[in-house]
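One structure, pasted below without further comment.
Read from first to last, the chains carry the letters A, B and C; within each, the first residue is number 1.
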Amino acid sequence: MQHFTSIKDVLDLSALVKTAAAFKKDSFAMPDLGKQKTLGMLFFNSSLRTRLSTQKAAQNLGMQVIVMNVGTDGWALETEEGVIMNQGEAEHIKEAATVIGQYCDILGVRSFANLKNQKEDYEEKVLQNFIKYAGVPVVSLESATLHPLQSLTDLLTINLNKKIEKPKVVLTWAPHPKALPQAVANSFSEWMLKSEVEFVITHPKGYELSKNFTEGAIITNNQDEAFKNADFIYAKNWSAYNDYGKILSQDENWMITKEKMALTNEAFFMHCLPVRRNVIVSDDVIDNDKSLVIEQAGNREFAAQAVLKEMVIKL
Amino acid sequence: MQHFTSIKDVLDLSALVKTAAAFKKDSFAMPDLGKQKTLGMLFFNSSLRTRLSTQKAAQNLGMQVIVMNVGTDGWALETEEGVIMNQGEAEHIKEAATVIGQYCDILGVRSFANLKNQKEDYEEKVLQNFIKYAGVPVVSLESATLHPLQSLTDLLTINLNKKIEKPKVVLTWAPHPKALPQAVANSFSEWMLKSEVEFVITHPKGYELSKNFTEGAIITNNQDEAFKNADFIYAKNWSAYNDYGKILSQDENWMITKEKMALTNEAFFMHCLPVRRNVIVSDDVIDNDKSLVIEQAGNREFAAQAVLKEMVIKL
Amino acid sequence: MQHFTSIKDVLDLSALVKTAAAFKKDSFAMPDLGKQKTLGMLFFNSSLRTRLSTQKAAQNLGMQVIVMNVGTDGWALETEEGVIMNQGEAEHIKEAATVIGQYCDILGVRSFANLKNQKEDYEEKVLQNFIKYAGVPVVSLESATLHPLQSLTDLLTINLNKKIEKPKVVLTWAPHPKALPQAVANSFSEWMLKSEVEFVITHPKGYELSKNFTEGAIITNNQDEAFKNADFIYAKNWSAYNDYGKILSQDENWMITKEKMALTNEAFFMHCLPVRRNVIVSDDVIDNDKSLVIEQAGNREFAAQAVLKEMVIKL
């Protein structure tokens, strides 16, 4: 693949998941594939799992990794065209992206939604500018609207744990004190819709995601109904898409509890982390042996490694 | 050794010091020992010597190093059990530690005392949670109560410079404008008490350290008396342990001066650095050729390398 | 060369430029030259190009790189002699430099002018203290008064693009909303004066640079006159040297526009970046195919690699 910013960049999903599974068995199977290749990782936002797992994945392939925290290590970037740059931004993303691209063979970019302007966020200005100007393949380390490395991990984790051919997977909204982006939910939805699962989304009224990512999913506002016969419960908070960036509910009844999980078919519990305990999910669910959150996070390394491998062999 | 968080983790102290001394003679003696092993270094607090020397030590052994500044690169971690996480902390240390452990073969953690609550600090909540959850060996890069990599360096430096079999080593409190943890002093004390030295601690009244670390030491409030016949003067400020975290004295008479050093047996001067000149120690003492502070800091690399070597061979 | 902090450290300028040009053709020509050698990179100020390109350059040579952001990763350093350190600075640069030098084979230091005190800035206290105390070769990653890695890139870029043996090169001041150091301009001037070019400096009255760096250059306050027959236009803002650190003009007429470029001999446009579009230079000039800013930034990698190569072979 050239870039990796959404499932649309994946030519053979099944093969990609198999590659990730193979790296899980032997992470040093290709220790020289990335020799003399450099992965640049640019963080416009905080990161723990993505930062560490992607760096580890690249090093497993023998790549060099250069990490840069934009904003703290550098300075703010301008993204508007034609602007007179006499304000806070010291550099235009055009120059920054093109220049950074010259020092890397693959460029990872993390840039969250600001949740103030739907159109701006969904245009993915930062990510798209890097794709346009960097001149090298770009891997999303979570963008304003999608988090494909997370979704590949999620699919891998489901495949490694499913007990039936076509499990029922439920993405459920859960409450949170802060307004969060829709990226993980959007991304999980578009990946599930291309996978062999029965996919259901449940959320309170007003939390409808963009149809661009959910077309074809069963959507219900009845969480209890959605949980029936579920094999996997994937919890995530997001802020409203239509009433953009707003918190419309903090209803504790949407928290994932033991009682809720009892409605399912002994479902596994999943979450991308970080997770707020006893807000998103109760301790007894996340600490239960049906909780996959740790394995899911561990799989991040192998998902990233599979993606980087596909990108490196095309260089 | 499995973990390295205090002298209690050291099975053979003499052998460990010898290993460090050997690396000082040839730091690339084992360039492939750590091949395909990753040291993760997590900093909850600032670091210069520990950060650089430990990274260098790991690279000398052929290890990969991943550095993360928790808080600036990531976010605040919750350490309480069973709490409803609707405040500032975005992730529980349980998940963070377990997840990070999956990406590393050895995990280094630096987490200082907050000096507000003695019980909390001395429980070493952050370090102990990493040990409990990370699933990989943990090396302390200075914890709330101890700094064993520093103490190993100190012992190595004493051994390489001592002129008699059993030198007199004096740990002396010295004034400082800010409240500092007891970690370096606690740690130095417990290492000296297991070493072949005559060990004396001197400090103003009220600055008694926890007996857990000083049992067996000669303790006096008379600095001049303590300095008599001393072969090594180890200066360090710490805040009060009993009246926890308080500054009880800024008495300039406790600063280490030429006059004070004249009371000794031409003693070497030691300090872990960073040091405030003309507050802790006068320029003419630290710049004197009996000052070991630079060699001591240089030895950090080899102390860390010896510890990492012992940890890597057990993986 | 031992240190690399100004053109005075370069013994054979022509050979150095050739080495850089050769690395541009094959950046992995010497993949093991820096094996088991560590470049430490210390940033007292923000950096993007220098940070990434120098790290990449070192890795091309097989070096290990340790990056440290002083101030955020560590703490503030004292530079005064004999001071009683009871204020904000936790460590003296004497200790810091000497200690850090022990962990590195080559030390890179970035430390900008503060623009408050001309004498202090032009004494290069930080850089000179590192040279004095680090005990290892020091490479400037931009100091208070000079930016030699940038200047080497600039010369390389001019040489690779010039159409006549001795092109006319014009350094022109351009407006900027913030007070900037003179380092890039000083450095470019002293490098041009040792190169085979006709060198002209143009700026508004009051923006005279220190004669230490411009002796021998043609200097004019008439930008239009300067641009006539120019083959290269090198734009840069700087604050006043005599009325130190002051902004004396924000005259938009000094911005580099299409109309200004029309006065030249179809000159190439150069700038070290980051650049404020439509303040320093209009979009139609920087986006024109005569703009070299991207190539210039890309050449940073090979300039740094040539310098590091010269330093490594002398270790």
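The rule we apply is simple: a contact is a pair of C-beta atoms (placed from the backbone, for glycine too) under 8 Å apart; a residue touches a chain by one contact, two chains touch by 3 or more.
Predicted, not measured: the structure shown is a model, and the values here were computed from it.
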| item | value |
| --- | --- |
| Graph class of chain-chain contacts, one of line, ring, star, complete, other | complete |
| Chain A onto chain B, rotation angle from CA fit, given as a multiple of 5 degrees | 120 |
| Distance between chain centroids, defined by C-alpha means - chain B, chain C (Å) | 39 |
| For chain C, residues contacting two or more additional chains | 72 |
| Contacting residues of chain A [partner chain C, same complex] | 36, 38, 40, 64, 66, 68, 72-75, 78, 82-87, 90-92, 95-96, 98-100, 102-104 |
| Complex interface listing, chain A residues touching chain B | 28, 31, 43, 46-49, 51-53, 55-56, 59, 69, 72, 177, 273-279, 283, 293-294, 297-298, 301 |
